[in-house]
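First chain written, first letter: the chains are A, B, C and D, and each begins at residue 1.
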Amino acid sequence: MTSLLNDPQVLRELIMDHYQYPRHHALKEDTSYASVHMASDSCIDDITVQSKIEGDLIQDICFDGVACTIATASTSMMTELLVGKTIDEANLIIDNYYAMIDEKEYDPEILQEAIALKGVSKQANRIKCATIGWKAIRQMIDERENAK
Amino acid sequence: MTSLLNDPQVLRELIMDHYQYPRHHALKEDTSYASVHMASDSCIDDITVQSKIEGDLIQDICFDGVACTIATASTSMMTELLVGKTIDEANLIIDNYYAMIDEKEYDPEILQEAIALKGVSKQANRIKCATIGWKAIRQMIDERENAK
Amino acid sequence: MFDINKIRADFPMIQNAKVAYMDNAATTFKPQCVIDAVTNYYTHQTSNVHRGDYDLSYQVSKEYEDARVAVAEFIHAEPKEIIFTSGASMSLNLVAYGYGRKFLKKGDVILSTEAEHASNILPWFKVCEEVGAVIEYIPLSNEGEMTIEAFKGAMHDKVKIVAMAEVSNVMGYIQPMKEICQIAHEYGALVVCDGAQSVPHVPIDVKDSGVDFLGFSGHKMCGPTGVGVLYGRFDLLQQMDPFMLGGGSNARFDICGNILLKDAPYKFEAGTPAIEAVLGLKAAVEYLRSIGMKNIYEYEHELRVYASKKLQELDNITFYNPNASTGILTFNVNGVFAQDAASFLNTKGIAVRSGNHCAKILIELIEASETIRCSLYFYNTKEEVDQFIEACKETTVENCVGIFF
Amino acid sequence: MFDINKIRADFPMIQNAKVAYMDNAATTFKPQCVIDAVTNYYTHQTSNVHRGDYDLSYQVSKEYEDARVAVAEFIHAEPKEIIFTSGASMSLNLVAYGYGRKFLKKGDVILSTEAEHASNILPWFKVCEEVGAVIEYIPLSNEGEMTIEAFKGAMHDKVKIVAMAEVSNVMGYIQPMKEICQIAHEYGALVVCDGAQSVPHVPIDVKDSGVDFLGFSGHKMCGPTGVGVLYGRFDLLQQMDPFMLGGGSNARFDICGNILLKDAPYKFEAGTPAIEAVLGLKAAVEYLRSIGMKNIYEYEHELRVYASKKLQELDNITFYNPNASTGILTFNVNGVFAQDAASFLNTKGIAVRSGNHCAKILIELIEASETIRCSLYFYNTKEEVDQFIEACKETTVENCVGIFF
């Protein structure tokens, strides 16, 4: 798999696919979900991310809104990666994702398909798009932890 | 006289004298006087000038306030020159005074002692001081004429 | 004569940045003479204004007032009708606060459009909240244009203020301000004109058009940021409250709380103004006059018609304002999110902007929450337009994602 | 190391103007690095901020935010507590409008002094007029100084705001802000500090002193005009109303008049900010840090003590603030009107200011309606002070009139 994920053509199609068919792409009318509205100041992405965390486990994440390819694909990938994970596992993935975006060391195995976004740092003005959904879930996790 | 008025020493003493002993330097509590308060934006002179004009004749002018040498002396000289003059005569004197200050052609005979102020144009920042009282009387004359 | 090569040589950014800069509705490049005016203040004139105790300060105070004269002449106003502000936003806030909040009453109507920039509508929202006035909107055509008929239909006796951009920053149509003013004045309403996008692009004559207030920004007309202008009819300015109070705007005040304000325009200019920005704006105004506002408008119009025609020939584009006459072109690439497209165009050396362009209530009207705006100025060229059109052709989702690889 | 020759070489005005510039409380000269930062924006970075659709705009938006960080570090605040305004006057108006007008009620007291600059007192006059609060004044000593005892004596439960300059622009004393804040906070009052004359001259630590708001201007600290700062405790900023509304400060708004404002500091920055002025301020702050605010204060203090001693030796001078520690010296030449004296000093190559220095209610206290203010900064020298003292000696009515011949 790692070798496949080195092929720019494959990575590109992954982004396209997540953009055109975003996963977990519908909000829930369920009050057991936490919800964060993310509207960036410097770009026009405007999404809402919801999560249902029970005990240590992320049971579900979903999102919707108006967003560009990168914001949509990166958030969609995030939902796939994090649903079903424990808080600790999720935090590890998130840390690695941010490390990748910041061009620091990271573990590609952990990020799986999300490494498709490693090129985002080339277009500094799009980093916000690539992190908007990730920022939302981190915020919900942090709020939960702080509430403990 | 004109030759005396060419001597800088004499002119200087004229200014000093009008500064230290300003003429017509007390306001009247007389409602037949018109009154203008002049406070310049760009310097700290702050004077009130009053005038009593009857028919075509300037019967009296007086002033008071906080003002620098140039503002005080020039206003004092103005009162001496204009009291007792007709509106037309006064306007001629005022025009000549402004011409002198603006370094244009003027008739020194008409201005008499006030030519002591001809050097003011050397210090452009003080032109306002040298004209503050003159502006006040012109304003009162104009208002009167306009009211006709 | 309008010599585009000579003009382009005046702008260091054109040489240095090497992009086709088409975001002129956001801000404009500065010619060397403006840069020199600002630097000259720093190297030869630094001192504060409004006082003349020493030569430097006297000189710069004089030049500051000369700038007021230059701006007044530029729009055919009197110097005493020119207030320097920090920008169009502040100019418009000042009218709303100083005039609207003071004189509007419950039930009074502010007539406006849905195409207004946030800076020309939010201050009126606030006035409404405080005094109980209401905003009504003139219906726009499907292309976001306001017709005089629609305006007439919307006017009535309770309208006290007509707040409207002379040129909308999204749609780029020029409103016939003179007609609008005539009609508004018949009803006893005042016209507050947002000139942020008109003053830089078309000849302005406030005496002829009859606008009561006109706000605009220096930085959109080749001048510095941090300076704007509010023109106001002198009698209105005299009645109006200042927005800020402080040093320079008052003649006297005492311990009992009595304040004697100076006359307009000084009572509105509290504190140290943006001195070098005002001097830079003076240089900008002189520069624009030396080229001629009519020439600028005509050249820009010609360029716009050229771009408009080419854009309409593309089949992957939805073009929202084909019939506007200024240099603002608003469009989307079908199936591509505006920001992705703008990012792709960026990689092709083209600077355009995506977004709702601060006119958020227009969104519902043109049914596109986000658009791309290409805005031209007199230093743009047909070659740049060609480059832009070519890049638009290539704008596909695939290519937009491709920039990351 | 504080190397005065090296420092002077940084300021083109010092080479070009050839005056002993001693009006630094009005505005200051700019070092080359500040000029370069501004010019660089004009020649390499021109574009608007807050959007990142193309490289230029992304870069300049980033630098604009970096400036916020630099200013925050300079006064030991958080970046989100730094609002860019058009100057100290606007910063202080913003607090009065956004906080005072919103939260003060009838009978509440604003405690201040008679030595305040118009920009720190007139906005509160206005608040009082609107909400029915009242201003009370802390009694000052004969030398215009406020003692902590006098402050304690003036504090009481109804005081909600203490509005005070950390350094008065006329008297030059440094107020012990930390003690003042402690006492004010015990009574539940907030402290609004006018830092226009302190931030440029003394090390500032808002976390340590505990001031709730601090307003200051760029141009008095080697930066451009047209930019100022309001620091505010973040929780207070979040509660506060903006002064201006418009583009950039709102996240959303709709046709029904609902506005969703952004978080602080962005909700306060409506419209295009003074971009190059902010970038210039960043350079100024970096420059001052590179010299060190402690060094600046110490050098200025030494210079002041030197000037103060010499001035006291003259028998034709009435010196109002011999005991202040900053570079502000306020005096009169006996028997000579302040403006005549300033004009004479001008002809001797010395730039000082006459007047009431925008602190008009102080006049009654020091019983001099007009004074001369000499204000030093870290680029002034003992030689300049000597030149100034010599010129003061020669200041007589005769010589003042002599300049016209």
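Structure notes:
What we mean here is this: contacts are C-beta pairs under 8 Å (C-beta built on N, C-alpha and C of every residue); 3 or more make two chains touch, one makes a residue touch a chain.
Just so we're on the same page, UniProt names per chain: A, B = Nitrogen fixation protein NifU; C, D = Cysteine desulfurase.
Not measured: the values here are computed from a predicted model.
Considering every other chain in turn, the ones in contact with both subunit A and subunit B prove to be C, D.
We define each chain's centre as the mean of its Cα atoms; on that basis subunit A and subunit D are separated by 46 Å. Separating the CA-averaged centres of subunit B and subunit D is a span of 39 Å.
Rounded to a whole number, the gap between the C-alpha centres of subunit C and subunit D is 31 angstrom.
Within subunit B, the positions touching two or more other chains are listed as 43, 125-126. Residue numbers of subunit D whose C-beta contacts span two or more other chains: 51, 53-55, 57, 252, 339, 343, 346, 354-355.
Chain pairs that touch one another, listed by label: A-C, A-D, B-C, B-D, C-D. Taken together, the subunit A residues at the contact with subunit D in this complex read 39, 41-43, 124-126, 128. The touching residues of subunit D, counted against subunit B in their complex, run 337-340, 343, 346-347, 354-356, 369-370, 397-398, 400-405. Subunit B makes touch with subunit D in their complex at residues 8, 11-12, 15-16, 19-20, 43-45, 66-70, 117, 119-120, 122-123, 125-126, 129. Of all the residues in subunit D, the ones that touch subunit A in their complex are 50-55, 57-58, 61-62, 251-252, 262, 266.
Per the touch definition, subunit D reaches subunit C in the complex via residues 12-13, 16-17, 19, 21, 23, 26-30, 34-35, 38-39, 42-44, 46-48, 51, 53-57, 86-90, 92-93, 114, 117-123, 125-126, 128-129, 135, 137, 217, 219, 224-227, 243-250, 252-255, 257, 259, 270-277, 339, 342-343, 345-346, 350-355, 358, 360-361, 364.
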